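Next come two complexes, and both contain subunit A; in the first it sits with subunit B, in the second with subunit C.
This part shows the complex of A and B:
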């Protein structure tokens, strides 16, 4: 369980990383915390010719904030959110989510950008950023562009990042003081990847409401209509969640359906306890 | 009690080096010119090998079965009539029989380069239908794992009791089908072996991470064709074994062969993926079982059929029938009943071979009998604890010969059950159950009691027909010229603290200072032959041997001391780390100096054998000394997700005299956590093609600290009448009881839902499936 040979590079800046990456014509890989890529290299499931380590780049560890949003550098570690070392734009949601990622050892090194670029459907950040309607800024050989979170994830482990692009920062719209969120994940055991993730975010000031079903072997399922009707009614009492989940996941087995339904229901309950 | 002798909580001698990261494991060894080896392994479960082609120009760096011509396959026969032995080649020859079977050894300067080499080998294997399900494997038309066999059965055994007569009269009959998952035991350090040729000694030196160094020497000798004097096996620090490291492994043979033939050092260190897919398999049982009882739930008889999916080969020396033999013999557990019928099937399947895992078969049989006990209680409408208590063998019946002829030597089984129920306050749980929980979860309480034969001796092993049978255990003790004590024993420490506890036994006999005692274990060049560390035998057997040897050394010291102090031998007392008589005293250094350096001071009639003693020990009976314990679990089951939380857990054990209570607690805790894994988490599933579905720790779920409550411990100390100091074995017990206690607690929680879990691990998926099935059944009945 040792990786196949690869060149290890430590570019001095993000733009260097991008230009070096683009020269590999698809055979290069970015590494930051290495919590996903590391095991895949060791199992020889990932076999890049070159690896570019961007973990130490200060430009990827900063924060920019304004009245409407906060932008997080892609190499900020999960622990930085968990320990409150970076500003939380989401009324505690990101801090809560970060604290539930895997185990502390993983959170120590794992980065938000790495997790998003890896795009495991069961990953917390993948679902959370979609629920928060984040925007991703990516830098490529031909320049910079932004991608809305729901458009970033194309499938399990598949994103709209081009081969020469690196995720630079994640911009999260601020939740107001009156916002509320619910986040519930079902894991076989603490620290494991989720079987189901349910999320509800409601911000009456911004007129924002979104529900997400995650860990579905595909990009997060966005249920805006559901979220709006719950937000308007102030309860999910009159909604047949079983039906909603079944429609969203027509091919799922009964166990999976039950798990997704319960996760969603409990996330909603956190916002509307009645 | 001495402050450092038997019964003292002295700190472990091993911990200083381990806590400082200075242990010396196979992976830590450095040697000039050391080559690293990676194995190319079969990616098919069953197939006929057509060709294995080495890359051009690199032939010398790769070894296949064709190169190993002089090596004999691993061959572990049993003298039990009807047993079919297998030829287990170190590198596959004609067929592959499980995913992960070694095909070739690749040699390079680094492990990564060796793995690169493995990728260049071209393998052509004709795939054959895989034999995966042990029940289907028993069918007459099943494909054969071993072509020259008539079926897939290593062995069937049968105990005949008169069930027919009982069935006509017994008021209560309860039948269940139960399953336990295939597991992979997880020492922190996997297997590892380094071998080189020592020209000075004319020996092949093998450093191997093993529990049984002397047996490995015997096994290597038989397969390599070297004489045993030409082999030295040294076990370095071993990071856990749990049974995985008590068999001769193919990789051990190949590495030894490479060193023997090339005269250069070679090493292989197992990685976790190899461990999970090709290495340590155990525990997969199927039970068809019927219990007969009276209207109070008093067990009258048991009728069982046990099928064990042993895997492809018979392992040396414990064979492919140890598991089923133990299962059939131990199913009756701690209960007093008279009619027993049991058939066992040891089935060959296209999976890695079974190695004996902590508790061997007993976690399975304990799960089975304990679930039956609760099922009987529900059937007769009584509290499972009361039914269990009534069925247990009572202290006044001791010693007790059970229905399979096991000789339970001592103890109070019902007292352990009572104590454990008090530790978790079972009464309070029953009260709590009357009110629904605020979070909607369901609370349940479950119990499990077992008895464990430990340090079973010569006749027991001989009756299993295995190739190597333990006899007397020996130890050597030696006083050094400056008054220190050296202990040497052939058993090995694999984390269980024998350096500490054997020292404590010597301190008990000699009154010598604990810090002056040094222990050397397992090196075949310097220690007496021992079959090794397994079967909870270390403390009873090696402890007994150290006790005997120390007693003899004490007699010799007494003679010299009496001469020097001008008194009678019987006046000599060992006190406060000195040798005293009538107000005068000598140090151990005085005695050492007299014997080694100033022999003119010795008495005329001194024992010329000197200050070094080797003694042997066997308990008074060969039938083993029986440890027992009761465990209790309180769980909360989320009926919407199937997730189980263990709210409270307690274990009360009786291992006779505790040599070091802290180590006993560690053994019980560690074993219990492994049992929690068996109950809730751990499983190595295979698909129908025989592909392992858990090849990393992401798929194979181990219990973690966050999954556990603080485990409460209690002890009863009933000395065995048959062993030195009344010690019984404790190494395995903790792992046996948890599946029974936890699943009984889950079933107690779910009893209102008409759901009964009968398969472990009791994963959220299995629990939720059972709940959904019961719901749809109810709906069906209602409509």
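This part shows the complex of A and C:
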């Protein structure tokens, strides 16, 4: 199983990567860790004319932090989060999530930015960044812009990145030390594509509450009103979760509904045990 | 061809590689290092796991050209490694291999596990080992072997690579009032369509959509009579020639990294009496060798003198390489968005709006609108 031939370029800077990419008018592809693109190249599902390798660009591997948020370079590997090698803005949530991505050998090479730009609905970072209301900074031929995570994901494998744009950094608002989070993922086997992901994040200091249903074959479903009613009640006792999930996924089959309901319920229980 | 230079098992190696050659093929084919095995070649089975710059990685989805300058260790390069010596002995003692195909990858992962884990916790070992498949299902012996090596490790070695503990988790915060998040999605809405989707037993994906339009039936019918106008509403579609009811055209698909351009023909039949019509087409993507068969059936009824309802059924079936993409749910999401966008575009064009286009004519990324429609449907749940 060999990929179709492609040209390989290793631009010396992100701005060079952007300008080289924009010259391909859509037939080029950015590669970082290649842990999602690699299989698609090998299977010849993806056949770009040229790839631009940005994995080793130092400018994409740094972090910037201030009182309100931490910005992560797009080429930081999952394992750097898992091993606590980069500051965690989220009271351990990103670290926990990173440790559950695929397998260690994949986490050693795969990057947060690559996963987000690939936009697989079952990907942990896709759902986590929406739950945390992250902001993405992208660099394109006509300049830099920022996109809120919920607006970034348009569909399976589809983002609001234009053909000449590259994801540069991911800015995560800090969770306060009174914040709580729950994350529950259902997989047939550890490391497989998720069947369902449930997330709840509440931060009393920031007045922030968001619930997310992920791995729905479409972008993450944000359930802000559900999260608000739980946070303001201080309990999830009075919530009819079956109904919420069913109405959010009217076309889902019973097995999938059950998965999503259980994932969300267990995520909520991690924050509100009773 | 690209020149690369890298260190493999302590020796500097140079070579000429095609960019598409992955590291495992380079080592096996050009260097004769056949200890590294290839199983799935898509990052799933773990047989090809090698150590790149000190960490285990998949050599089937790491391209040789991207490993220029890297330091690689394969199963052939650990003769004097204490951890691997202990693992070889333990694998042998615990019958941790039958056919041996997965063993090179198992040993690379096992070495990483014994170096990182402090305790021989078999549950954790199984989790860490989940990325390496053994078709003889000999996991019990492998897990026992790894656990025994961890157990034998001296205390000093165990604590050397210990990791910081995870932060303590807060539970059950007191009630607090939530500040609305301004950039929550779903602010734009243009909800004119309803969509339902099924996949039948013969592999056809069928999408049914109804559109209620604030236009009389005759106006909607006239719109559908103009094939160029209809095609302009389908993202990625372009008509090349129309000869009576025979149409020749192409459709470009961009689905993440997957791109295809289907060239094909379609025949139209219309029935002005019932205000309905069909378009049946066949196309092929020459690059991937994938064929597509599709049909569009539409009927237009009058809801009252000023409004009409358009019912559209889209059916399609792919055969060939692209049809082998195993994640059917994601393909359905894509087809659903395409069909929804088609409906939204019809409503907009009939309302006199122009469609957002890029240089290539159709911007499939204008699909954001559809997503906001979906989120708005979810928001309705809470009466907002």
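The rule is simple: the second predicted complex is superposed on the first by the 274 of 274 C-alpha atoms of A that agree within 3 Å, B and C clash if a C-alpha of one lies under 4 Å from a C-alpha of the other, contacts with A are read in each partner's own complex, and residues count from 1 in each chain.
Here is the rule we go by: a contact is a pair of C-beta atoms (placed from the backbone, for glycine too) under 8 Å apart; a residue touches a chain by one contact, two chains touch by 3 or more.
Since we're looking at a predicted model, the values are computed, not measured.
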Superposition on subunit A - do subunit B and subunit C clash or fit: clash
Touched partner set for A:225, first subunit B, second subunit C, both or neither: second
Partner chain(s) touched by A:191 [first = subunit B, second = subunit C, both, neither]: both
Partner chain(s) touched by A:105 [first = subunit B, second = subunit C, both, neither]: second
Which of subunit B and subunit C A:259 touches, first, second, both or neither: first
Partner with the higher number of touched subunit A residues, subunit C or subunit B: C
Subunit B versus subunit C as contact partner of A:244, first or second or both or neither: second
Which superposed partner A:3 touches (first subunit B, second subunit C, both, neither): both
Overlapping contact positions on subunit A, where the subunit C interface meets the subunit B interface: 1-5, 39, 43-44, 103, 189-191, 193
Subunit A-facing residues of subunit B, complex: 110-112, 115-116, 119, 271-274, 640-643, 681, 696, 698, 701, 703-704, 706-707, 763-765, 768-769, 772
Residues of subunit A defined as touching subunit C within the complex: 1-8, 10, 26-27, 29, 31, 34-35, 37-48, 51, 53, 55, 79, 83-84, 88, 91-92, 95-96, 102-106, 108-109, 118-121, 133, 148, 150-151, 154-158, 160, 162, 177-181, 189-191, 193, 202, 204, 206-210, 217-219, 221-228, 231-235, 244, 247-248, 251, 270-274
Contact footprint of subunit A on subunit C as seen in their complex: 2, 18-22, 25, 41-44, 46, 49, 52, 55-58, 60-63, 65-66, 109, 112, 127-128, 130-132, 163-164, 166-167, 169-181, 183-186, 196-197, 254-259, 287-288, 321-322, 324-325, 327, 329-330, 332-334, 337, 360, 364-365, 367-368, 370-371, 374-375, 378-379, 381-382, 384
Interface residues, subunit A side, partner subunit B - complex: 1-5, 39, 43-44, 103, 186, 188-193, 195, 254-255, 258-259, 262
